[in-house]
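A short worksheet on the structure shown next.
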Amino acid sequence: MKSPPGEIENKSKQLARLESFSDGVFAIAITLLILELIEMLHSSGRAELGKLLLAHWKSFLVFLIGFLTILVCWINHHLVLSFAEKTDGNFFWVNGFVLLVVTFTPFPTAILAEYLEKESHLALAIFGFNYFMMSIAAYCITVYINNRLTSHEKNELLHCYVLLYRWSIIYTLIVFFVCLIAVPLAIALYVLLFVVFAFPKEFASKLMAMRNKRKRRSSRRMTAG
Amino acid sequence: MKSPPGEIENKSKQLARLESFSDGVFAIAITLLILELIEMLHSSGRAELGKLLLAHWKSFLVFLIGFLTILVCWINHHLVLSFAEKTDGNFFWVNGFVLLVVTFTPFPTAILAEYLEKESHLALAIFGFNYFMMSIAAYCITVYINNRLTSHEKNELLHCYVLLYRWSIIYTLIVFFVCLIAVPLAIALYVLLFVVFAFPKEFASKLMAMRNKRKRRSSRRMTAG
Amino acid sequence: MKSPPGEIENKSKQLARLESFSDGVFAIAITLLILELIEMLHSSGRAELGKLLLAHWKSFLVFLIGFLTILVCWINHHLVLSFAEKTDGNFFWVNGFVLLVVTFTPFPTAILAEYLEKESHLALAIFGFNYFMMSIAAYCITVYINNRLTSHEKNELLHCYVLLYRWSIIYTLIVFFVCLIAVPLAIALYVLLFVVFAFPKEFASKLMAMRNKRKRRSSRRMTAG
Amino acid sequence: MKSPPGEIENKSKQLARLESFSDGVFAIAITLLILELIEMLHSSGRAELGKLLLAHWKSFLVFLIGFLTILVCWINHHLVLSFAEKTDGNFFWVNGFVLLVVTFTPFPTAILAEYLEKESHLALAIFGFNYFMMSIAAYCITVYINNRLTSHEKNELLHCYVLLYRWSIIYTLIVFFVCLIAVPLAIALYVLLFVVFAFPKEFASKLMAMRNKRKRRSSRRMTAG
C-alpha cells in the first residue's frame, strides 16, 4: 500500500504520540494503586490509627509490589520502544495489548491485597497469570519491532531482548503452576524474575556477551576441525 | 483577523499541546475502566475468590469492550490528526466534542456491566448511542481538518476517511434501533463496525483504490463514447 | 542573579515541561468528572435503568457544565501560555495557582450535582465562587506573562487578554452575589460569560480593534484640535 | 558495556520520555487529592450544605497542604532534572524512588484529614515521615545526576542543591520527632521547610553566594598568612 508524502513525514511524530499515550497509561495505572490504600483507610471506620496501620501492613507490601511491577513494565517498554524508528497500523494493536495488561494490573494487585491471607494460592496464581500475560505482551512487542520497525539489519542487543522475553514466557508459566502448589517457592522465583527485568539492559548485554563467546568458540572449533 | 508574528510561529507548538492534552484524556479514560472491576471486588464482601470471578465474567468482558472502544477511538483520532498542520480557535471545540464523547464512554460501559443481564435491550442501546455520537464526532473532526487545517490541495486518503466516518454515522444509527429489537444481531453488527475501525487506514486505502478504479473505468467509457 | 550557561539553554525545555505537567492536570480533572456519574449509577442500587437515567438528568447536565468549564479553562490557559517565551521560579507558583483552581473544580461541580435542587442559591454561589477564583488566576498568569516572560515590546493582543480577564474578575464577583438573590438571572449571566471565554481570541481581537478605532479617533480629534 | 550507535542517539529522547512519564505521575497524584473532598461530600448523607462545609474546613486545609506538597516536589524534580543530559539504567530506579514517594503522598494526606483531630501527634508524624522520605529521594536523585548524568565538570549550583537536600534530610528527621512531642512547633518548622523548597533556586543561589564569599575570605587569609 502506497502512502502519500505528508504521512511519511509524520512517521516519527506518530511514534512520539504513541509513546506519550503509553506513558500516560503507565503513569495513571501506577498512581491508581494508592486509591486502594485510601479505600482501606475509609472502610476501616476511624479505628485507632496505629493499630489500623499495623493490621494492614500487607496492604502496604502489596502497594509496593504493584508499584514496582508497573515500573518494571514501563522500564522495559521504554527500552524496547527506543529501538523502533517508525510505527504502523498493526503496531497500535501490539502496543495496545501491552497497555491492556498494564491497565489491568491494578485488579490482580487488589485481589492480592484482599485474598493473600484467605486464599493465598489462588490470589498469587492470578497475580502470577498477569506476569505471564505481561511476558507474552513484552515478547510480542519486541518481536514486532525487531521484524518490522527497525532498520538495523541485525541488531544483536534487540535480538537478546527477544530471547529474554521468550524465556520469561516459559518461566512465568511454570511459576504460575508453582503458585498453586508452593507459595513461598513461587514468591522466591518471582523475586528472581523481578531482579532480571529490573535491569533488562544489563542482562541482555550479558546474554549477548555469552552468545558471542560461544559463537567464537564454536567457530574456532570448526576452524580447528 | 490578523495575527501577530509570535503567534504564527507557535502554530505547530499549539497543535502539539492539543495532541498531548487529548492523549492525556484518552489515557485516563482507558485506565479508569479498571476502577469498575476493583469496585466489584470490594462490594462483593470477601466472597470466595474463584466463585466471585466466575460469577462476574461479564464484567471482564465489558472491561475489555470498553478498553477496545477507547483504543479504537484513540487510533482513529491519532490517524486523522496526523493530517492537521495547524490549529485554530474553532478546532479546540471540534476536538473538545471528541474528548467529551471519549470522557463519557466509561459511563455507558458501566451501564453495560450492571444492566446487560437485566435490561439488555436498553443497556446495549445506550452503549450503542455512544458509538453513534462517536461517529458524529469523528466525522466532524475529519471534515474540519479536511476543510481548514490541511494544505494538501486534494488529499484523497483524508477524503476517504470523511466518507468512512459519514457512513459510520448512518450505520451506528441503524444498529442503535436494531439494539431495541434484536440484541444478538446488534452485537454482530457492532463487531463488524469494530473490525473496520480497528484498521481505519487499511479500509480507507481500499476505499480509495475502489474509487480510483471506478473513476478510471468511467473516464475510459467516456473516452470510448 | 546570574544563571550558568547550561540552564539558559534549558529555558524552552523547562517551559515545555511546565506545559506538559499542566496538560496532565487539566486532562485528569476533566476526566474525573465521569466518576460522579458512575458513582450515581452504583449508589442507586440497581433501580430500573430508564427511570434512573431520567431521574438523574440534572447529573448529566452538571457533568456537561463541569466538562465545558475545564475545557474553557484549558483553551484560555493554552492561548495565554503561547505568549510565554521562557519561565522562572515565580511562574511555577503563578501557574500552580491556576492548577489549584482547576484541580478543585470537580468539587464545586459535585456540590452542584447534589445540592442544585435542595439548596440552589448556595450551591450555585459556591460554583460561581470557583469562576471568580478562575478569573483571578487567569488574570494573574496573563499579567505575569505580559510583564516578565515575553519579549514582544508591546504585544497589544496580550494586553487585551489582560483587560478581558480583569473585567471577568469584577463580572464574576457581581454574578456571585446575584446567585444568592436570583438563580435564573445568575445562570443567564454565566452563559454570557461562557460564550465570551469559549472564544477568547475572537473577543480579544474585537476589543483590540475597538481600542485602535477609539485611539485613532481621539488622535484625529487631537490633530484637528 | 558498549552500546550500539542507535541507542546513543536516543539518549536525549529517552530522557524526554522519563520526564513525560514523571510529569504524568505528578499530575495524577496532585489531582487525585480532590477525590478525598468529593468522598467527604458523598459520605455526609446530604446534610445541610453550609454546615457541612464549615464542619469540614480542615479537609480543605489538608487538600491545600497535599496540593502544595506535591507541587513543591514537582518544582524541585523539574529543577534538578534540568541538569541531567542523559539517562541510564540505574537512573530509572533512582527516579522511580522519587515517583514512589510522590505516588504515596495522597495516603498520608488522607490520614492527616481523618486523624488530625483525634490523633494529631501520630497523624502529623506519619505525614512528616513522608517529608523525610521525600528529602532522601530528592537527595538521591540530585547526587546521582551530579555524579553521573551531567558533563559540567564542576557545576556549583547543582552542588548547592545537593547540600540543600542533604540538610533537609536531617531537618525533616528532627521535625519528625518534634511531631511526637509538640504539634504546633512541628507545624511551624514545616512551614519554614516549605518556604525554602518553594523557591529552591533562590535558596541554592544564596547558598552558593555565601560559600563563594567564605572561600574568597579564607583564600585571602591563606594568602595573607
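Some notes on this structure:
Letters A, B, C and D mark the chains in the order given here, with residues in each chain numbered from 1 onward.
Please note the rule applied: contacts are C-beta pairs under 8 Å (C-beta built on N, C-alpha and C of every residue); 3 or more make two chains touch, one makes a residue touch a chain.
For clarity, every value in this text was computed on a predicted model and none was experimentally measured.
Distances between chain centres, each the mean of the C-alpha atoms, put D farthest from chain B.
One rotation lays the C-alpha atoms of chain A on chain D, and its angle is 90 degrees to the nearest 5. Shared numbers divided by all numbers used gives the overlap of an interface; between chain C and chain D this overlap falls below half, so the copies present different residues.
Centroid to centroid, with C-alpha atoms defining each point, chain A and chain B lie 28 Å apart.
Chain A and chain C have centres, each the mean of its CA atoms, that are 40 Å apart.
Residue positions 20, 23-24, 27-28, 32, 35 of chain D are each in touch with at least two other chains.
Residues 19-20, 23-24, 26-28, 30-35, 37-38, 41-42, 46, 48-50, 53, 63-64, 67, 71, 74-75, 78, 82-83, 150, 152, 155-157, 198-199, 201-202, 205 of chain A are the ones that touch chain D when the two sit in their complex.
On the side of chain B, the complex with chain C involves touching residues 1, 3-4, 6-7, 10, 13-14, 17-18, 20-21, 23-25, 27-29, 32, 35-36, 39, 43, 89, 92-93, 96, 99-100, 103-104, 106-107, 110-111, 114-115, 118-119, 122-123, 126.
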